[in-house]
Structure formats: C-alpha cells, structure tokens
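Okay, here's the structure, questions in a sec.
Read from first to last, the chains carry the letters A, B, C and D; within each, the first residue is number 1.
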Amino acid sequence: MDEYEIETLEAVELESPVLIEGLPGVGHVGKLAVEHLLEELDSTPVRRVYSQHFPPQVTVDDDGIELASAEFHAISPEDGQDMLVLSGDHQAQDNVGHYGLVDAFLDVGDEFDVERIFALGGVPTGELIEEYDVIGASTTDGLTDELEDVGVEFRENEPAGGIVGVSGLLLGLGQRRDLPAACLMGETSGYLVDPKSAQAVLEVLQGVLGFEVDYGSLEDRADEMEDVVRKIQEMEGNASAPTDEDLRYIG
Amino acid sequence: MDEYEIETLEAVELESPVLIEGLPGVGHVGKLAVEHLLEELDSTPVRRVYSQHFPPQVTVDDDGIELASAEFHAISPEDGQDMLVLSGDHQAQDNVGHYGLVDAFLDVGDEFDVERIFALGGVPTGELIEEYDVIGASTTDGLTDELEDVGVEFRENEPAGGIVGVSGLLLGLGQRRDLPAACLMGETSGYLVDPKSAQAVLEVLQGVLGFEVDYGSLEDRADEMEDVVRKIQEMEGNASAPTDEDLRYIG
Amino acid sequence: MDEYEIETLEAVELESPVLIEGLPGVGHVGKLAVEHLLEELDSTPVRRVYSQHFPPQVTVDDDGIELASAEFHAISPEDGQDMLVLSGDHQAQDNVGHYGLVDAFLDVGDEFDVERIFALGGVPTGELIEEYDVIGASTTDGLTDELEDVGVEFRENEPAGGIVGVSGLLLGLGQRRDLPAACLMGETSGYLVDPKSAQAVLEVLQGVLGFEVDYGSLEDRADEMEDVVRKIQEMEGNASAPTDEDLRYIG
Amino acid sequence: MDEYEIETLEAVELESPVLIEGLPGVGHVGKLAVEHLLEELDSTPVRRVYSQHFPPQVTVDDDGIELASAEFHAISPEDGQDMLVLSGDHQAQDNVGHYGLVDAFLDVGDEFDVERIFALGGVPTGELIEEYDVIGASTTDGLTDELEDVGVEFRENEPAGGIVGVSGLLLGLGQRRDLPAACLMGETSGYLVDPKSAQAVLEVLQGVLGFEVDYGSLEDRADEMEDVVRKIQEMEGNASAPTDEDLRYIG
C-alpha cells in the first residue's frame, strides 16, 4: 500500500459542493455532527482514504472487516447546497502523516470542485455547558461575516491553543490552496461525548447551507449522557457541577 | 540494508498453501500456536524478512547471532492442506513500518500463491479462562461459514477494539488484494503466556486444514503455567482467582 | 505540501546581512529578544517556511488563521548592519525534521548572502538571576574575540549539555557550510519567561551590530514578571528566593 | 545535509585493519575502552559520520563547536594488528536511523577493507562486580574459538535480551555482509560508569590483537569511581554493597 491511497467507491456528480469534516476530537463533537448528517440525509460513499499513518488496525462489525480509513460521502439534499462529507474513526498518528493526509483529503475535495470547507469540532471549556455557543475561525472575511450572521462567535485569539489536527490543517493547507475554510467549534466540557454541542454546530451549519434535518436522535443521545452525568453526581453525593476529579472522559 | 528485505532461504514448491501467521501478541497465543506447528510437523525455512522497522537488535543463541527478522516456513503435511507459516519474535516498531512489513509478508504469500490467510492470536478477557473459546473475524462470508462449522464464534462487534498489528493488517491489506483472510483469536486472560489458548486455536485450525498434531508438549507447558499461577495464589494467601495486582505478565 | 516549503513574501535587498534567530526555548529568551527587535525597528516579512515537521496546527489571531511556520524579516536599521531576523512559535517536532528545517533556514540565509549567524537563546541556571551574564559559543575564533570584547563570557565546556534544537544546528550545520555562527545565551532561571535575560542578550548584540533600540517595553514586561514572582513568594509566606516547588514555568 | 553523511578527514592506509566500536551504552564500557585506546596509542581521525538521526545538538568544548557525529580513527600500533576505531557520544535516536547509521559505518569499514569487527560494550548484572568477566557473542565459530582462548566466556542464550543498538547491528548487518563480527561485553553493575569493566574488555582485545597499552589512567578513574561509591555507602550508613536505591547512574 502506498503512503496514502485514495479508493474510488462510486462515481457521483456534485454541484459546487462544500466539504464538511468531522473526525474524532474534543467531545467527539465533529464526529457526532457528521454522523448525524449521514443518518438523516441520503448519502453515497464516494471515496475512501487509506494511509500508513493511520493506526495499523482493522475494525470488526456486521459488514465484516474494515481497514483504518476515512470516508467521503456525497449528499445532495432537497434543500440547500451539495455536501461532500468526510467521516472516520482516526486521525493520523504522527505529524508528517497529518500533513500528508490532509493534502490527500484536499485532493479529493479538488476532484469534486468543492468551493469551501467547514471543519466541525469541539472546543473544551473545562466546565459543564449551559448555553452551547459555537466558536468560529475562518480564513476569509466573507466566511466570517456569513457565519456571524447565523450566530457563530468569533472571539479574539480563541481558541488560545490554536486548532490542531485535521481540522486545523484543513484551514491552514486549504488557505494555501486558496480554498476558503472555516472551523465551527461547539463549546463542550471536554469530559464527555457531547451530542448537544454537536447539535449546536449542526444548527449553525444548517443556517449557512440550508439543509433540513431532525434532531430527535441526537436529543435522545444527549438525554442518555445527562443520565450518566446525574448518576455520577449522585454517586459523589454532589448535586452541583461535577469537578474535574468526577468527570473523566466518558462516552 | 533496504527498508524491507526478503531473503530466500530455500526453494520449495507448495500446492495452494494457506498462510498462517503467529507473531508475538496477547498471551503469545499466536506465537505459541505457530511454534507448536513447527515443532510437530516437518517444515523447511523458505524466506526471511528483515526490516529497518524491527528493533535494532540481534538475538544470541546456540546457532549464533540472528538479526531481528520474521521467517516463513513451508509445511506439506501428510494430511491436509499445504501451509506457509510465518513466525518471529518481533512486530514492527512504528505505524508506517507495520503497513510496509505486512505488505512485504503478503508479497511473499503471493510468491507462493497462497489462497487464503489465517492470522492466529489471543483476545484478552481480563479474567482467568475456564473454557477456551476461539473468536473469529473474517473478510469473506465463505470463510466465516467454514469457521463457524468448526466451532469458532463470531460475535457482533468483537473484539471491540478491533484487531491491531500484523494480524489486523493481514486481514485489512489482504482484503485489499482480494485474498480471503481470517483471524482466529483464542480467549486468554491477557496476563499469562497461554498454551491452552494456543491449543484451542490450533484445534480449530486443524478442523479446517486437516493436519494431525499431538498436543502433549503444549499440555505440559500449560501445566507449568498453572503451577506458576498456583504459587502466586499461595504467596498471596489467596486460593481464589488472582487479581490484576497479582498477575503481571508472566511468561 | 512538500516536507519543507519556502514561501516568498516580499522581495527585499539586504547588504551583507547577519542572520539572527530567536525561536522558542529556555525562558523564551531568544524569542523575546527577536520579537523586541521586530517591534522596535522597521521590518519587512520576506520569507515564510512551512514544514510537515512542525505541529499540525494553525493559530488564530486578529489577522485570521496562520499555519504553523517560521518567518524571516528584513531589517535595514539606520545605524548598524542589515539583519535577517528569524522568528516563530515552533521548533521541529522530531530529529530528522530539526536537521531538515535548519537546512531550509540556511538556504534562505544563502539567498540573502548572510555573512554570519547569531542564534539567540537562554541557558538555565536553576536559580533566580541577579546579574544577567550572557554566555557565548562560536564556530570561529574571530567571532569569539569580537563577542568577548562586548562582554560575552566564553566558559570552558559550557553549556555542559551542549546546545540543542534550531540554535544548536544553526551553529553545527552553519559550520559545515563555512558560515561563521555564534550562539548568545542569556542566563535565566529556566522557570520564567525572562525579559531581563532577553535584554541582556540584545544589549550584547547591539554592541556587535550597532543598531539602536529602546528597552522600555521589555523593562515593563520584566516588571510584570517580577510582580508575578513576588505574589508567588507572598503566597508561600516566603520572602526569599522561591524554591523549585514554587516556581513552575510561568509566562 | 543528507540523511547520512560521511566526511573524509584524512587519507590514511591501513593494513587489514579490524574495526573496533565503542559508542555510549551500559556502564559506558565500550566508550571508555575505545577512548582509552585513543589516548594511549597514536591515532589519526580519518572519517566523521553525521546523521539526521543523531540528536539535533552541538557540543561545546575547547576546540569550539562540534555537531553530533561519530568518528573513525586509524591506529597502526607498533605491536599488533591495524585498527579502525569508531568513537562518539551518540547512538541513533530511532529504529530506522540505527539501521541506516550502522550501514554507513559498515560502508566506511568496507572502504578500509576491515576484515572483522569487534563491538565493545557492557552487560548489566544488577549488582556490583567482584570479578570482571567478559561475555562474548560472535557470528563465526572461528572468532568464538579465538576469543575463548583469551578468556572470553560464551554463555548459552546470553545476554538474554539480545544485543541492541549499534553493537548489535554491527553483528547482524556485518553478518549479512559476510564480515565476521564479535561483541565483547564487560560485566558491569549497570549503575555506574565502569572503568574496570572497560579494562577487562581491553585486556581481552589486547590478547587477540597484540597491541600494548598502559592501564594506569583507567585504574585511576576506577579508584575515583570507588571513592564515589564509598561516599554514597557512608551517607547511607551502609558499609555493605549499595542497594538499587543508593545507586543511580553516576558518571
């Protein structure tokens, strides 16, 4: 296998699509958001990307064996812009691999003539969230304006640590290819898989792109997570917000 | 030395052989199983694979010095299918090396026209095993059916963490070459080198391939391991199953 | 993106410039020094270097998104020698990347015909500093003499651990290109971002190169740091020098 | 700089030389032995090897700056066989680098037509040594016999963990080039820089190669180390052998 391999699954035409990425990260916000899109809208898997920089691993499920990979799905929703959705279970395992992999992702985007990129993720706040704000970062003023119009917050020098991994490089390497890109980061405690944060991100994206999805299943999953938190709080005999000690990463 | 080097040891013809892999892993189940095959059946070393991704290490034994490598052995048993058996003391030390090494292994398999692959290993249960089930994962329905017939269990989404290392990639990269592959994983505590689990895996393999081997020496080794466990239990004044604390990896 | 990419920002002519490097390191001494130069003197960004060996990261600030990089700035001060100043937020993340990156930096230096190199940094003493000495290391006797004349101390076998990272390799790889190079290391506790040490280094450099800068803002920043230290000492009820326990890396 | 670079320092003719390696390792036995040879016998530096797999580091000493490297020295002693002596302060920092670096070392050996290799090192026993045995491992029966004649011990399956790093690969990769190679490992506690173990190794080598050296300075250094041990023992109020707790790596 080459260092990076792009496998064609199906030939699909998309009209000026937007690339939407949601790989694993803080609170699994991006991954949950993208998986929800794929559940709610009709999609066709179009490309799969393998890499020697993914873990040397296969997953086992009902469909059999799957080698570590990331997958692109084409969505042409009834309402709104066409989408090329990137999902998967892995990030690259080393620096050089991160750069090479995101270049491979952008090559796929070029094949489909994507006109801009939205990288979805979470931003950790360290405390449980009451109101789920979505923080934005973008490579063009146009995108910034458009996102502010639908309620995304652009805060000076936030996130303070920058944006790392695939989402960060989609912006950085996208910018080098003159491809407008924005990162939409749902606020999340950072301790829990966070379906509410994923919903907040999707609602913003919906405002920009115009698709229609139902949030029932995400809300159900959020309720389940709240039950988990409540139980932890009871076990600790502590009705207030859990401390860092209480909350380990639960998902 | 190149990144991967395949050395020819002897020219041997095999008829539609099956590739059987048993490199070090959980409970050394795969390694024990494969070493037992090599002890019990007549075998000829045919290829040795060196790699810059193996540890920078030589082993010292009666035969002298041996550079870190993996070795293929040809077996044409009286009963049953020909086998190309892969054994060794090392896995690759990095992700990229894992991918490259398994590609080299599959290249050797191609040379011998192997028609399918069985990767042998263990799956950790975290507790001492009473009944040694063998869990399966496979890339084709045909292989799954055949293995279920000889008692291998295929459980939904197991192993949960997927299959990592050489065994996992033999399935994943084998599938990409249209070479049917299955992983046979003997249940094992994960704390001890486990000859009983290795025997359970071999008995299943025997059911599929038809070779005949005696298990006396594996049973002796299992008895030795049980003595070790018993002594640990006594030292701890604890006649019941040892806890995680008692059991470190012993081999 | 290639493993290393040099982007031209602006075409600027410099006359026999000196290359001055100040990337992150002990006490952020080199980085503070170089940033102060860029604040106080007119500068033009001329080259930016990207690398797959930098972290896979973008920073977010008022100017938008910036992919991890290092930047060269041209300075032609009214008094003194022209300077090509290298600044940035990152070192390479692996050995091979360090070597390749410094070679890229030296290639940029060659483009501008730099005639020598000053790498700026800090040397940790493990205790709070009263008098800010500057330690030197150099690849030519001529440079050593010149630096001793302006008060730089050359101490036998110091720093004992050698010089690591970009500063070290600028000397080592510069020497292999017959480009005279020196490292100026301000003594610093190693626990704190140290503007006073940065000022000591700049004053020495000023003695060699002849530029004129005001140190007001660095002194303000040093006062702020001293307030921080004083507060820590009070919190510990300890008016004397803070211990290792008191002082973690603060900046 | 290339991944590996061999720099010619001086053109020297050697007659059927033996390659002797002593890079840092357990107890610094190999390094001490080789440095003692270079101090006691007339030697000429002939090649220097740089690598991107060495640490990104320069050392600072009276002679100025030195980029991380390994160095070959030619020795034509009055008595005994010519020697090509490999010394240095570093091992490679990653697996792939180890393999590539040793290949570069063997290329230099080929240039000088070395006819065999002695890799010098230490083998840790975990306790203070009374009698300094030297353990051997070799790639040919001829070498084994020759070394046994001068008192080297060849013990079944020792060292149990194999031989790692440059010494191990000189044997493993040397064997692949049909170049006879042996490793001479002085027993050492593993806690201390061990000049006595280095002397034991050199005395064995002297028996094979026939050179003449004085051991006064190594004995002085051994006395110093013993003073250090004694002081530690006194500080612990413990006149018997120091425990693992007492002895950290001291050198």
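By definition in this document, contacts are C-beta pairs under 8 Å (C-beta built on N, C-alpha and C of every residue); 3 or more make two chains touch, one makes a residue touch a chain.
Remember, it's a predicted structure, so these values are computed and weren't measured experimentally.
Considering the contact criterion stated above, the chains in touch with subunit B and with subunit C alike are A, D.
Annotation of subunit C and subunit D: not jointly contacted by any chain, touch as defined at the top.
Homomeric contact subunit A/subunit C is classed as different-residue, with under half of its interface positions used by both copies. Subunit B and subunit D have Cα centroids separated by 38 Å.
Rounded to whole angstrom, the centroid-to-centroid distance between subunit A and subunit D, based on C-alpha atoms, equals 53 Å. Multi-chain contact residues of subunit D (touching two or more other chains) are absent. By the touch rule above, subunit C contacts subunit D in their complex via residues 92, 95-96, 98-100, 102-103, 137-140, 156-159, 162-166, 168-169, 171-173, 175-176, 181. Listed in rising order, the residues of subunit C touching subunit A in the complex are 1, 3, 50, 52-62, 64-68, 93-94, 97.
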